[in-house]
Structures are given as structure tokens and as C-alpha cells.
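Same chain, two partners: chain A is paired with chain B first, then with chain C.
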Partner chain A sequence: MLDHILSILIFFPALAAVLGFAVNKNSIRSYGVAVATIEFVLALWLWFAFDSSVSGMQFMEHIPLVKAFGINYIVGVDGISLFIIILAAFFTMIGIASLGETKDIKNMIVTLLFLQMTMVGVFAALDAIVFYLFWELSLVPMLYIIGAWGGPLRIYASVKFFLYTFTGSLVMLVGMLFMAYFYYQATGEWSFAILDWYRLILPETFQKWLFVAFFFGFAIKVPMFPFHTWLPYAHGQAPTIGSVILAAILLKMGTYAFIRFSLPLFPDASVYFMYPIAVLAIIMIIYTAMVAYAQKDIKQVVAYSSVSHMGVIILGIFALNVEGITGSIFLMIAHGVVSGALFFLVGVIYDRRHTKYMSEFGGLASVMPRYATIFGIMLMASVGLPLTINFVGEFLSLLGFYKQSHTLTLLAGMAIIVGAIYMLSAYKKMFFGVVTKDENRNLPDVNKRELVALIPLTIITIWLGIYPKVLLEPINTSVEAVVGLMHEKSLTQEAKSRIPNLTKDAEVITNSAENTVENSTENSAEEAH
Partner chain B sequence: MELFLYTALFSPLVGSLFAALFGASKKTKMAGIIPSALLGLSLISSFVLLVSVLSSGETVHVEMMTWMATGDLYIPFGFVVDQVSVTMMMVVTLVSTVVHVYAIGYMDHDKGFNRFFSYLSAFVFSMMVLVMSDNFAGLFIGWEGVGLCSWLLIGFWYHKESATWAANEAFIMNRIADLGMLIGIFLVYWNTGTLQYEQAFAIMPSLEIDVLTWMGIFLFIGAMGKSAQFPLHTWLADAMEGPTPVSALIHAATMVTAGVYLVVRANPLYDLIPSVGLFIASLGAFVALFAASMALVNRDMKRVIAYSTLSQLGYMFAAAGLGAYWVALFHLMAHAFFKALLFLGAGNVMHAMHDELDPFKMGGLNKVMKGTFVMMTIASVALAGIFPLAGFFSKDLILEVAFVENHYIIYSVLLFTAGLTAFYSFRLVALIFHGEERYKLFGIHPHEAYKFMLVAMSPLLLLAIIAGSFKMTYFEMVTKLLPATEYHVHSSLTYWIMTIGTQLFVAFAIVYAYKKYTSRDIKVPDGTSKLENCFCYKLLINQYYIPRFYEDYIVKSYRELSEIFWTKIDQKIVDATVDGIANIFYQTGERTRVMQSGNLSTMLKWMVAGTVTLLSLAVAFGLAARYSGEIKIFLSGLGV
Partner chain C sequence: MLSPVNVSIESLNLMTLVPMLIPIVGALLIIVIDLFKSGQDKSLYVMLSLLVLGVDFVALMESAGIFKQNGTVMGVFDVMLIDGLAILSQFIIVGASLLFIPLALTHKRFHEFSYPEFFALFLFMIAGFQFMVATDNLILIFVGLETASLALYTLIAMHNRDKSFEAAVKYFTMGALAAGFYSFGSMVFYALTGSVEINQIATILSANNYADIGFVLVGVVFLLASLGFKLSMVPFHTWTPDVYEGSSAALAGYMSIVPKIAGFVVAMRLFEFLIHSGVVWLEVILYMGVVMTMTMANIWALVQTDVKRMLAYSSISHAGFVMAAILIGTTQSNSALFLYWILFSFTNLGSFSMLWISRQKNLPAHQQSDHSYDKFAGMVKTSPMAASIMGLFMLSLAGIPPFALFWGKIYMISSAVTGGYTVLALIMALNSAIAGYYYLKLIVYMFMKDPVVQNNGHVYVANATLPLKTIIGVAAMGTIFAFLAVNQLLELVTVFVYNSGY
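Moving on to the complex of A and B:
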């Protein structure tokens, strides 16, 4: 079973979703929870069976689809994708378990399970075409979630979300086709397998063009400034569960793809575009944080804060060294947990008051103390306080990029200031002061169903903040392999110097060790004379 | 010894978690007593460690577990008890224990009693992490942890707008400085390859002076935030919104001295860059004077003491900047005792006066509050630096350092400030405890605090009196780690003139303040007197207009800029462009719909047009294929 665990992880939820149509409406909730829990347990088993000392792909499966064009169903995981897959399974589970009163709950659960298939598929796929299929398929359930359960502007928001990301993906698809064509020219064989592509060394100009093509697909997904405007609409209109999954998992597809495709395939182009992208990332960090500060709607604050944090992730990726990339992958998990939790928390108050305007609240700390406490912890995680999960990622990402540029890191470091400004002022508006609105006087505190989602997230936030090693170790092993590959493949002098050579140190050490051994033998020989 | 280390470190955390268990439930005395007892345990463990360090000179260094490890980066949770950190541990645990016990009485009637102790013990834990860590990252954990607890405690009465505002201000200002700190840490890592103090400081002498200078500057920016140095000082006075025990513990004795601790801890670095040290000393001297001047006229008892704290922090930085690290640390210790005492006394007065803070509305309280009166007077004498109390030994030493190191400007500024310190301290004492009983006008019936609160304060009283006698023991201990420069004025005549002169000057300031503020003519100022309308007074009472400047030019413009970014740029430009592009496609579709009208003659027309286009394209491509060679040459000439 372990040999096919990835395929099971991908297709089990889809199969369950199809069967879900036949399930009685009254028992669909428990059915959904059961399926998602099994999936999560399987994901944990994957982690348990995962060998964190291996840097390459594990649990690989290989089924040819279209032999003539080298399209295969290839899946596998390494330290980079493992934890995002687990996170996806985890969020689907607690998302379904804590689902509130929803109309057409059956359709919702079926959609979520289908969405889960696409999410796991994206992160496990090792063939560009399979990757692309899951990547695009993931749009459909989200389109449906926003369009069917969303707010008043849901049609506009969902169509915008779909068309915008779809357009970017098409450019990426063209890039993939060219990549495969170059592979064909170089080897005489077609292949869409990513691991095959890793072996291909492209001239610098080709790299740049392809980098740009892929960039469009990824940047819109992340979303990077100035391609971010679909996100506030999507979050603003989506139901709580939609926002949670979107922020926690779907956005990570973009940043993950940067590490999976852009860096190892185009190392020289990555170095070439490092500064422009870093500048975009800094605009994302500071500008969207300021926009978040201007918001009146708490959900928009969290939505824009997402964009701001994604800027730090992008920066960490383009640090192009082990510290930065490991940090950015860790931050993907961290941001998933924290922003997911924040969207859950916004959902809690929205369910009670049916408004998201902060001016409608005030003084909630005395009415809902438990809610205020959990929100407070997540707030502190979001501003990156040490010993919370976010700090580890942010610290490592910025630390990594500091190697590349001092000034830009100083600017990007503003994240810790502007982040505190919008989060603290939002918290103050909602929770501090005296209760002014009568509707707020008797609000019930968080209930058991909501705690099902919030307590595990709180525990993870603190646990991984104190002991990030469990994640960092496997991530680090795989990232070292990526960085090593990039250094080896890079052509220009600039890239060679920017991307650290990991093997060099080891060689020097062994050389010096040999020298000392020789010296000591000589010495002893002399002494013998 | 490891056991004592872990006990000292973790018992405050246990206390905090214990109190947090009762966070949402009704007030229970246990939530105050247990954390206090656990702190007592921490104090005893620290004392055992102090004795062991004193007697054997051996330090304890443990590595609990790995925190972060990736690439070449390796950061453990490591803790060290050496001469410097054990001093800090003693100060922190001692003042905390006193404040905890005191707060059981002080917060007696507060609804958030349990919550308060949870936060307060969490603060002590963070502070212990800060001083005990063996690396910069661990220091940063404590650094941010105390920031968080400070935010929670300043905004403890969260229904008050002013309190929550002050809490956010404190957090954000500290964050600005923390960025500097973070950059400093990055610099240390990329240049030395490690964040452990020992290894990093060992490598530093081999680095270029430029790098070291930047390192020193950025780390000091971090220190400026926590220790509220100009221009990041405004939060400290506003932080007085928190409950008074908090002001005593966090905003006087411990957290605000973290910046000084950082500079002392990084002494191997600052020794290599004397120019940065001189800047630190100058800024310290400036802040000493600057803060003291604002304390002269302020009419809020707690703010006066806060400015006094700020001013004393200036003294510490002056000493540390001039390389007299042990002197800075000594003043830090002495100051913690008498300033905490002063604040707790002020807390008693506040309780007696039903949270009235204006000393002009008090007067004559010495009759009803004997114990508090004695304690606050002695604390003020110690603060003023009168022989033989603690302040004399530590503050006079700083003046001597400045003198011996030939920085006469710094020396005169600090000397002048010593006079101001004495003046504003006794202005306060005189206004509160002497003169007419003005409070009767406001119908207040003051009463002395609980007995056990006064008893709890007594250790601080004792230390404020005798701390000076530890000087030599302390000197021998810390100079195993810190540069052991002794500062002696060469000629003994100069020394005696200086010392006695300073004492006379300070005594004169005290007498003057007493005379001025015990007179029977003191009225509650109503804004009509000549003094209140003079420019200097207005400048000082408005804190040099700096808070207003920040509000009008920085906060407001940030808010407006954010608004513009959102409504103008994000919605009108970025998003409008996206929608515009989508609209082009949409409109193209709409417009070209007429082509498919179903009208035969229109469709025939379009068919003809289509055919013509296709044919001409065919011709064009045909020609292009025939002359492809020429075109290629032509294009290559263009450089394509």
C-alpha cells in the first residue's frame, strides 16, 4: 500500500466525493469528516514512512500516459512538498469538521473533497502536464465555492478569480510546451517529466524567456503585486471555508512552483531576475500592508496581510541559498496555519453578527474572552513573534536574503513594523474599548465546533514555533539538493557566485584532512629516522 | 547547578501558566500567591547560582535543545549563567518577587486579578530568557517576549482608549527598533557564521572595522527602542497607563534596562568601535538632560518618575558608551532597587488618592501615610545620589568615568542633570507629602496601604540604602567578564572637590525644591499663572512637542498614505487596469456581434473581406518564402 500511497492520497478523496452524492443528507457531515480524517491519517503515515535523510523524491509512481510525447503520470514527494500535502489534508479535515450551518451542505462537502484531490495532485505531480492538469482543475471547485456560497458580489469575484489565474496559467502552459520541445531538441525524445528537465542545461537567453512565461502563471497565483487584485474580491466574497483553503493552501501553489520549476530549471535567469523580483516582493510587503491598514473590513485586513506575507516568502525563495529557501518553505506552512486560523476567526464573528466591519465591534474582549485570546495568539503569530510558527520562517527568509542584498533586506524587514501596525490597530478596534453596540453585548463565546478547528491550529502555532526542527530537517535536506543542483547547472559567473556551492566546503575539509594525515605520517616518518 | 538554572528560568513560566488557568474565572487569591511563591523559588535558585559564581568563579552553560538549524545556521536554546547574567537574574527575580507580592494587595479589587498575574509572570520568564540566553537569537526571543508582555500589561485596562493606544504605541515603536536589532543579528551571522556570543565575539576582532561599526550601530538601534532612547522615547511616558506595579517592574527596573544589558553583553564588540561608543555616551548624556528637563514641570506623578527613569537610562548608556561596562551594570542594579521602590510608593499614593495623579492636588500626606512617606523619601535621596545611599556609589562613579576619560562636556551635562534629578524628585516628595492638605478640596479620604504591601517593599528599601556596600564584591565578580578598568581621579584634591561639590550641589537642589514646593501658597495650577504661560514651560509640558510632531506628521501621513494606496492606487489604477483589459475583450465581442446578424448580404460582405485578407496573406507569405534569404540578411543587419 505504501508504494501507491500518493495515488491513494490523490484519488481517494475524489472517489469518496463521487460516492458522497449517494450519501443521505443527514449523514453527509459525518461522512465528510470520516473521509477527511482517513485522508489525514494517510498523510501522517506518509510523513512517518518518509525518510528525512534522503534528499530526492520518495514514493515515486510512474505510469505512461502518452508515450509518443513523453507524458507520464509521475508522482513523488520530497521534503519540499511533503508538509504542504499534510497541511492540505489537515485543513480539509478541520474545515469540514468545523463547517457551520451551510445551505446545500452536501454539495459543499463533495466540492471540498474534490478540491482536496487537486491540491494533493499539484504538490505530488512530477510531470509537467499532470501538474498543469491539477493546477487548472483546482480552479473549478474554488470557482464553485465562491460562486455558489459567496456574498453579494460572488459572480464577479469568482469569474475574476477564474479568468485571471487561468490566463496566467495559459502562458505557463506555453512555457511548458517549449520546455518539452527544447528537451526534444537536446535529447531526441519528448519528455514532460520534471526530473528529466532538471538535467537539461539551457542557454541563458532561453532561460530568461521561459522564466518569464512560468513567472506569469506563478505570480498571479501567489499573488504578486501588481497581479494581486483578484484576491481581495475572492476573499471578500468567499465563504469562510473557501477563504481558509484559498489562503492556507491554494496560494502556496505559486510559491511552491517557483521552487519546483523556476529555480532548478532556470538558475541563471533566477539570478538575473532576482533584484526585480525582490523589488516586487518589497512592494508587496510594504504597500499591501499599508493597504491592509486602510481597510474597514476585518476580512480584507487578513486578505491583504496574506499578500504582504507572501512577499516575504518570495523574498526567501530568491535568496537562492539554503537558509532563505528553507525559511520560505517553512513560512509557507506557517502562513497557511496562521492565515487559515485568522480566516476561521473572522468566520466566527461573521456567523454571529453577519458583518465584517470593524466599526461594528469594539470591546469584544470582555464579551468573548476565549475568542479574544485565540485571536490574540494568532495576531502575535501573524506579526512574527518569536516562539510562534511565523517567526521561524520570516527570520530565516530575511536572514537568507540578507546575504544577497543588505539594503533590500532592510526595506523588506519593514514587514515586522507595518505588520504590527495593521494587526494591532485592527485588534484594538475589535476587542478593546467598551462595548458600544447593543448587538454585541450578549454574543456567545466560541463554541465546541469552532474549537475543533481553532485549538489544533493554536497548538501547531506554538509547537512548531518552539520546535521547528521536525519540519526544518527534511526541508533542509531537499533544499540543499536543489541549491546544489542550481549551482552546478548555472552558467554565468554571476550566478555561480550568488548561489552558494555546498560541496566546496566539504571538499576543502576532506582535502585538509588528507593533508594533515599526510603531514602527520611524514612527521612520524621523520621522527622514526 | 543545572537544576538551579532550570528552576530559576522556568518557575516563572509555571507560575504564569498556573494563573492563566484561572484567566477566565473569578478572582482567586491563589492565582496571585502561587506565582509569587514560584518567583520566590526562582529568586532562591538565582541566589544559589550567585553564591556559586561568586565563590568558585565557575559559570554554568547548558544547551537545552536545538531551536533552528538549517544550512550553516545552528541556533540552540542555550542558557548561560555567568557573572553578568547572574547579576541581571538577581535584579530581575528580586524586584519581580517584591512586585508580585505587592501586587496581590494592589490589584486586590481588580476584576482581572488572575489575568494580571499570568501576564506578569510571563514577563519575568521572558526577561529571564533575555538575560540568560547564550546567543543573539535567544536574546531576541526574550526581547520580543518582554515586548509582548509589556503590550499586554500597558493595555491591561483595555476598556480605556488611552491605555490601548499607549500599548500599541509601545509595541510599534519597539518594533521599529527591533528591525535594527534583527539586521544587527543578520550582520553578526553572515560575518561570523554563528550567533553564539562566545564564538561570535571571538571572531569579531578579525573583522573589518566598517562591518563592526554597522553591527554596533544596528544592535544599538535595537537597544534604543527597548531602553526608550531619543527619538524612540515617547512610548515610555505613555506606558504609565498600565497598572503601577507594571510600571515599577517593567518600565523602571527591568525591561527598559535590556538595552543597557545588550551593550554590556556585547562589550567585546563595542570595545572595538570606540567611535560608536562615544556616540552612545553622547546620546545617553543628551537623553539624561532631555528627560530630566521634562520631569521638571510635569504634573503627573507617574510620568515624572518615568522621565526620571529615562534620564537614569541615559546615565547608564553614558557609562557603557565610554567603556565602563561594569559601572553601567552597577547603576542598572542600584537604579532598579530605588526606582522600583519609588514607583511602588507612588502606587500606594495613587490608591490612597483614588487614582489621582496630579501631585498638586495632594499635599500633606505624610500625616496619613507615614510608611510610604519614609520609603519614597529614602528612594528619592538614593536617586539624587546622596552619600551613603545606593545612588551615590553608582551615579557618582559615572560622573567620575566621564571626568577621567576626559569627556568634559558629557561630564558637565551629567553633573547638571544630577542637580535637576534632585530637584524634580524632591518637588514630587514635597508636593505629595508636605505643605497644605490640598486633597481636602476634592473630598478624598486617603488611607495607608495594606501592611503586607509595605513589608513587601522593605527589601527594596534596604537595598536602596546599602547596595553601595556591595561595590567591591560586585566589581571583583563582574570584571572576570567585563573590562576591569578602575576609574580614579588622579589627584585626591580634585577628587574631594568633585565629590563634595557634587554633594553640595545636589543638596542645594533638594533644599531649593523643598522650599519652593512646601510653601503655603501652592495652589492647584489653573493655567493662569505667569510661569505656565512662558515659552519654556509650554515647551516642557508638551514634551518638546515631539509626540504631537509624531502624531501630526508621521502617524497621520501614514494613515493618509494608506488610504491613498487603497482607494486611489489599488482600486483606481491596478485593479482598474485589469478590469480594463478584460473589458477590451468583452467589448470586442459585443461590437463584433453584429457580424453574425444572420443577414445574408452582410455576411456575404464579411466573407468577401475575409477571402481578400486570406489571399493577400498568402501572397505575402509566398513572397516572404521566395526572398527568405534576403530578408534574413536584412534582419541580421538590423541586429535581430
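Moving on to the complex of A and C:
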């Protein structure tokens, strides 16, 4: 069974969703929780069986799909994708378990299970077309969640979300088709397998064009400034569960794809575009932090702060060294946990008051002490307090980029202070002072169902903040392989110097990374023309 | 004095005529049955047509087998040309007809299906299309085209509504104009080369190195215009939405598939050599036509308020997308054309059938047209199954993987990439994005809006009977599980196209 665990992880929720149509409406919640728990246990099992000393892909499966055109169903997992898959399973579980009163709850749970299939599929796919398939398919459940359960502007928000991402990914698809064509020219056969593509060394001009094509797809998904305009609408209108999944998992698809596709496929172009992208990332960090400060709506504050932190992830990725990329992957997990939790918390208060305006609140700390405590912990984590989960990721990402540019890193660091300002002031407005509104006097504190989601998230936030090594080690091993591959593949002098050569630092390198480097040297012999 | 003509029967290769003769005989049989005992139920004619088409399909499989062994077969004074293109397109024609004809078995009574002539004409039309694709003789193409078109005009008019008459007359007028253009264009080529066989024309023209390029261009423009009418390419598309609106949804769906594949095959035969002749003008004309058809049709589709008209524009846009294959003109692109069209026929027939089963006999007061968007508002609440299937077809048309049309789309865009048409590939991709909006609009209406009128959901399946549900089920299954069949389809199509020299 372990040989097919990834396929099981992908298709079990989908099968369960189809069968879910037949479950009675009153029992569907238990059904959903049961299915999502099984899925989460399977994901934990995957982690247990995962060999963290191996840098390459594990649990690979290979089934030809369209042989004549080189499309295969290939899935596999390495340290980079493992934890995001677990995170996806985890969030679906607690998301369904803590789902509040919802109309058409059956449709909602079935949709969430379908969404889970697409999420796991994206992170497990090792074939570009299979990746694209799940990537696009993930839009449909999200469209439905926002469009059917969202706020007053839900249709506009959901259609904007869909079309924006769809357009970007179509440009990316053209890029993928080009990539496959170059592979065809080099080897005489079609292949969309990512691991095959890794062996291809492209001339720098081709790299640049393809990088741009892929960039459109990924940047819109992240979303990077200036393509971020769909996100505030989507978050503003989506129901709580939609925002949670969107922030925690769906946005990670973009950053994950940068690491999976852009960096190893186009190392020279990555170096070439490093500064422009870093500048975009820093604009994204600072600008959205300022916008967040100006918001009246607490959900928008969380939404913009989430975009701002995604900027740090991008910065870490384009540090192009082991620290930066490892840190950014860790930050993806951290950002998922923290911003997911913050959206949950906003949902808690929205369920009680049906408003998200901060001016409507005030003095909540005395009315809802438990709520205020959890919110406080999550807020500290979001700000990047040491010993919380975000700190580790942000620190490593910035450390990585510090090696490339001091000034830019300093700017990004400044933005974290702005982050502290808007978060703390939001907290002040909502929780401190006296209770001004009568409606707020008798608000019930968080109930058991909400605690089901919030307590595990709080525990993770602190646990991984104190002891991040469990995650960092496997991530580090795989990232070293990626960076080693990039260094081997890069053509220009600048790229060679920017991307560290791991074989020289004897103390950093592990055996497995060495193997990969050797492999890639062998493979680079069959370079493209 | 004329010497006696000696022609051996074997050299005529009359077997090449069999697939076309089967529907003709079937049509005559239906008329004869009506002569003996009229006023029979439509189910008799439907089943007879199905049988005839089934036999036709078997005959096609046999000629496919012969083609695989012996390659291209000529027959009947070398007028008939049974190559891979002819066989593939006939498969699509007959296959789509097999899916179409049971749609006559509706719950409500519709006027046209009570006439046996409807079915006879239908079979004649199929024979016409089959002739059209199985020859490279300009005259026989013309004969096939007109046989099919005249039958089709009548089929539309038989729907017996004011709008149907309007549609039929409009289609007829435009069709007559197109026929005029066609004959004029062919005349130019005949005058230039003294032949009406496309391969002869190609040989002679390239032998004298396109000396009379001016006349060639005149001929091409006229032929392109006439085919443009048939394929509803912009700017010759104006009839399409009106005709689709006027004819029954089932027939509109049929018209969006079968006549077009016949047109594509003719266009492929005709433009294959012209594109490769190196005359830049031709390429530019075709390039403009392709891009305009894709883009303009998409933009018009955005503003439609009626689902059927939206689908009409969408099918124009798809036709433009597929015309790109002819422009690119490689084996990969020509295979992509057939792959695309096979997958498209499932999805498009399915979505038009969904409109067909929701067709009411009379228009309710609150509705402006038969299939306005409003009618579908909140459909998921009243009939979730039908809404999900309709949504599925829309997603497939938009090119969301893994549904059927996505595979056709990537192969087509890939062929543009391989053929060196990078800009065209990007235009195709961006057009898919524009198209996403109007397909999404229907999904938004169905899944996210509240019902405008409180109805019980029966209206969406008012017309449904078991045969119709079966057809929709087949189309839905074909759409979902296409990814299992794509590999085999692709290999088959590529072999057939490659072995016919395209």
C-alpha cells in the first residue's frame, strides 16, 4: 500500500466526495470529518515512512497517460512538498471539523473534499500536465465556495479570482508546451516529466522567455504585486473556510511552483530576474503592509498581511541559496498555519456579530478572554516574534537574501516593523479599552467546535517555533539537491557565483546531495542544443 | 466516331461508394415505407436511421481496415479518394449523427419528427457530407456540399416556428451566395490549370511556379469566402447565431459539428498545398481569418443573453481555433484538428442536448427567449444533477483539465508551438481565457444565483426521455473519461493523417 500512498492520498478524498452525495444531510458533517481524518492519518503515515536523509523523490508512481505525447501520471514527494501535503490534509480536517452553521452543508463538504484532491495533487505531481491539471481543477471548487457561500459581492469576487488565475495559467501552459518541445528537439521524444526536464540545459535567452511565461502563472497565484488585486476581493467575500484554505494552501501553490519549476529549470534566468523579482517582493511587502494598516475591516487586515508575508517567501526563494529556500519553504508552512488560524479567528467573531469592522469591537479581551489569548498568540506569531513558527522562516529567508543584497534585505526587514504596527494597532482596537458597544457585552467565548481548530494550530505555532528541526532537516536535504542542481546547470558566470556551489562546503553537504550533483553532472552531458 | 469506352468494373473500385450509398438506400427505404403505410410513429424512423447509420459505421470500419493495409484508394474514374482524412471525417460525421438522431425521441411532441421526410432528408444530408470529404474533385465536392446543404435548410425550416423560417431562409440565401463563390473560385482554378482535381491543380501550379499569382489569389479568396460561410468564419459568420437560434437546439448542436468537419476537410485539402507554396499572401489572409474568428466571436459571445446564441458564438470561436491547424499545416496540427473535433463533438452535442431537454413547447411570459441565462438561475437547487452535467460541459468547453476538450486544446497549441507560430499559440491561449468568462457566466447563473421564478426544476428536464438521457450520459462520460482514450485516439488519428500525406 505504501507504494501507492500518494495516489491514495490524492484520490481517496475524491472518491469519498462522490460517495458523499449519497450520505444523509444530517450525517454529512461526521462523514466529512471521518474522511478528512483518515486522509490526515495517511498523510502522517507518509511522513513516518518518509526517509529524510534522501534528497530525491520518494514514493514515485508512474503510469503512462498519453504515451504518444509524453504525458504520464507521475507523482512523488520530497522534503519540499511533503509538509505542504500534510498541511493540506491537516487544514481540510480541522476546517471541516470546525465548520460553523452553513447552508447546503452537504455541498460544502463534498466541495471541500474535491478541493483536497486537487491540493494534494498539485504538490505531488511530477508531470507538468498532471500538475497543470490539478492546478486548474483547484479553481473550480474554490470558485464554487466563494460564489455560493460568500458575501454580497461574491459573484464578482469568485469570477475575478477564476479568470485572473485562469489567464495566468494559460500563459504558463504555453510555456510548458514550449518546454516539452525543447525537450523533444533535444532528445527526439515528447516528455512532460519534470525530472526529465531537469536534465535539460537551455540557452539563456530561451530560459528568460520561458521564465517569464511560467512567472505569469505563478505570480498571479501567489499573488505577487501587481497581480494581487484579486486576492482582497476573494478573501473579503469568501466564507471563513474558503479564506482559510485559500490562504493556507492555495497560495502556496504559486511559491511551491517557483521552487519546483522556475529555479531548477531556468537557473540563469532566475539569477537574471533575481533583482527585479526581489524589488517586486519588497514593494509587495511594504506596500501591502501599509495598505493593511489603512483597513477598517479586520479580515482585510489579515488578507493584506498575508500578501505581505508571501512577499517574504518570494524573497527567500530568490535568495537562490540553501538558507533562503529552506527558510521560504518553512515559512510557507508557518504562513499557512498562522494566517489560516487568523482567518479562523476572524470567522469566529464574524459568526457572532456578522460584522468585520474593527470599529464595532473594542474591549473584547474582557468579554472573550480565551479568544483574546489565542488571537494574541497568533498575532505575535504573525508579527514574527522569536519562538513562534513564523520567526524561524522569516529569519532564514531574510538571512538567505542578506547574502545576495544587504540593502534590499534591510528594506524587507523594515517592513516587518510595519507589520508589527498594523497588527498591534488592530489588536488594540479590537481587544483593549472598554466595551463600547452593547452588543459586545454578552458575546460567548470560543466554543468547543472552534477550539478543535484553534488549539492544534496554537500548539503547532509554538512547538515548531521552539523546535523547527523536525521540518527543517528533510526540507534542507531536498533544497540542497535543488541548489546543487541549479549550480551545475547554470551557464553564466554570474549565475555560477550567485548560486553557491555546495560541493566546496564540505560541512554542509550530505551524501545524498552529492549523489544528486553527480547525477546531474552525468545528465548535463546530454545537454540541449 | 467515338471509340467504345472500355472500362473494367474492377478498376472502378465501386466499393469506395458503399459508405455513401448506405444512407441513400436507407433514406429511400424510409420514403418507401411511408408510401406503403403512412402516419407511423417517429420511433420507427429513428430506429431505422440508427440501424442504417450503424451499418454505415461498420462499412467505414472496413474501409479503415483497407486503408491501413493498402493506403489511399481511388475509385470511380479516380473521382473518389478514400484516404485517412476521408475516413476519419466520415467517422466523425456518422458518429455524431448516431448521437444526434435519438434526440428526436423527445417527451414533448415536435412537429418535424412526425414526418418521415425529416429522417430521409437527414440521411441524404449525411451522404452529401460523406461525398464531400471523400473526394478531391472540386465538382464532386460541390455536389456533395449542395446536397447536404439543401437538405439541411429544409430540416431547419421543418421546426415550424417563425424564427425557424427566418433561419432557414437566411441560411439558404447565405448558402446560395457561398455556392456562387465556390463555383466561381473553382472556375478560376479550372481556367488556370485545366483540371478540377486538387492534386492536379497543385502539381500544375507548382510546375509553372505560380506564374499567374493574381488569378490564384482571386480563386483562393473566393474559395476561402465560400468555405468561410460554411465554417462560419468571421466576417462570413453573420448567419450563424440567427440560424442556431431558429433551429431546434439538437439540430443546432449537430450543425456546429458535422457540416464543419466536412468543411475543414475540404479546406485542408485545398489549403494544404497553397500554404506550403510559399506565397506569403495566402498565409496572411488565413492568419487574419483565424485570429479574427477566434477573437471576435469570443468577444461577441461575452455579451449574449441567450445561452444558445452564446453557444453559437462559442462554436464559431472553436472553429476559428481549429482553422489554426490548417494554417499551421503540419502533421501534428492536422492530427490535432481531428482530435479536437472528436472531443469537441462529445462536449458540444452534450451541451446542446442539455438545452434541448430543457426546451418548453411554448415560451413562458417571463422569458425573452427559449434558453435565456435567467432560465438557468439557481438550477442547482432544483435539479442538481442536470446542473452538474451542464456545468461539466461548460468546464470542458472552457478547456479545464482533465475534461475532453482540454486535451484537444493542448495538442493544438502545442502544434502551433512546434510549427513556429509562437504568437499564434499565445493568442490561442489568451482566447481560451476570454472564453472562460462566458462559460463561467452560465455556471455562475446555475450555481450561485437564486431562482428567478419558483419552479420545481421540472422545466430543465421537461423533454427528457430515456434515449435522451442516454445520449447525455454518453456525452458526459466521454467528456469526463476522455483522458483514458486520448492516447489511442491520438495514435489512430496521427497514423491516418500521416499516411494520407498531410
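We adopt the following convention: the second predicted complex is superposed on the first by the 506 of 529 C-alpha atoms of A that agree within 3 Å, B and C clash if a C-alpha of one lies under 4 Å from a C-alpha of the other, contacts with A are read in each partner's own complex, and residues count from 1 in each chain.
The criterion applied here is as follows: a residue touches a chain if its C-beta (ideal position, glycine included) is under 8 Å from a C-beta of that chain, and two chains touch if they have at least 3 such contacts.
Keep in mind that this is a model prediction, so the values were computed, not measured.
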Practice problem: Check chain A with both chain B and chain C modelled on it and let me know: fit or clash. | Solution: clash
Practice problem: Could you look at A:Thr326 and tell me whether it touches chain B, chain C, both or neither (first, second, both, neither)? | Solution: first
Exercise. Scan A:Phe69 for contacts with chain B and chain C and give back first, second, both or neither.
Key: second
Self-check item: Of chain B and chain C, the chain that contacts the larger number of chain A residues
Solution: B
Quiz item: For A:Gly413, is the partner it touches chain B (first), chain C (second), both, or none of the two (neither)?
Solution: first
Quiz item: Between chain B (first) and chain C (second), which, if any, makes contact with A:Leu163: first, second, both or neither?
Solution: both
Practice problem: Please indicate which partner A:Phe178 is in contact with in the superposed arrangement: first for chain B, second for chain C, both, or neither. | Solution: second
Quiz item: Which partner does A:Ser366 reach: the first (chain B), the second (chain C), both, or neither?
Solution: first
Quiz item: Looking at the overlay, which bit of chain C runs into chain B, 151-159, 259-267, 277-285 or 475-483?
Solution: 277-285
Practice problem: Touching chain B in one complex and chain C in the other: list those residues of chain A. | Solution: 163
Practice problem: Quick one: which bits of chain B touch chain A in the complex? Just the residue numbers, please. | Solution: 23-24, 65-73, 137, 140-141, 144-145, 148, 151, 155, 158-159, 161, 164-165, 168, 171-172, 175-176, 178-179, 182-183, 185-187, 189-190, 558-559, 561-563, 565-567, 569-570, 574-575, 577-578, 582
Quiz item: Inside the complex, what are the residues of chain C that reach chain A?
Solution: 380, 395, 398, 400-402, 406-407, 410-411, 413-414, 417-418, 422, 425-426, 429-430, 432-433, 436-437, 440, 443-444, 447-449, 483, 486-487, 490-491, 494
Self-check item: chain A - residues contacting chain B, complex
Solution: 160, 163-164, 225-226, 228-230, 287, 290-291, 293-295, 321-323, 326-327, 363, 365-366, 369-370, 373, 380, 383, 385-387, 391-392, 395-396, 398-399, 402-403, 406, 409-410, 413-414, 416-417, 420-421, 424-425, 428, 431-434, 466-469, 472-473, 475-476, 479-480
Quiz item: Along chain A, where are the residues that touch chain C in the complex?
Solution: 64-69, 107, 129, 132-133, 136-137, 139-140, 143-144, 147-148, 154-155, 158-159, 162-163, 166-167, 170-171, 173-174, 177-178, 180-181, 184
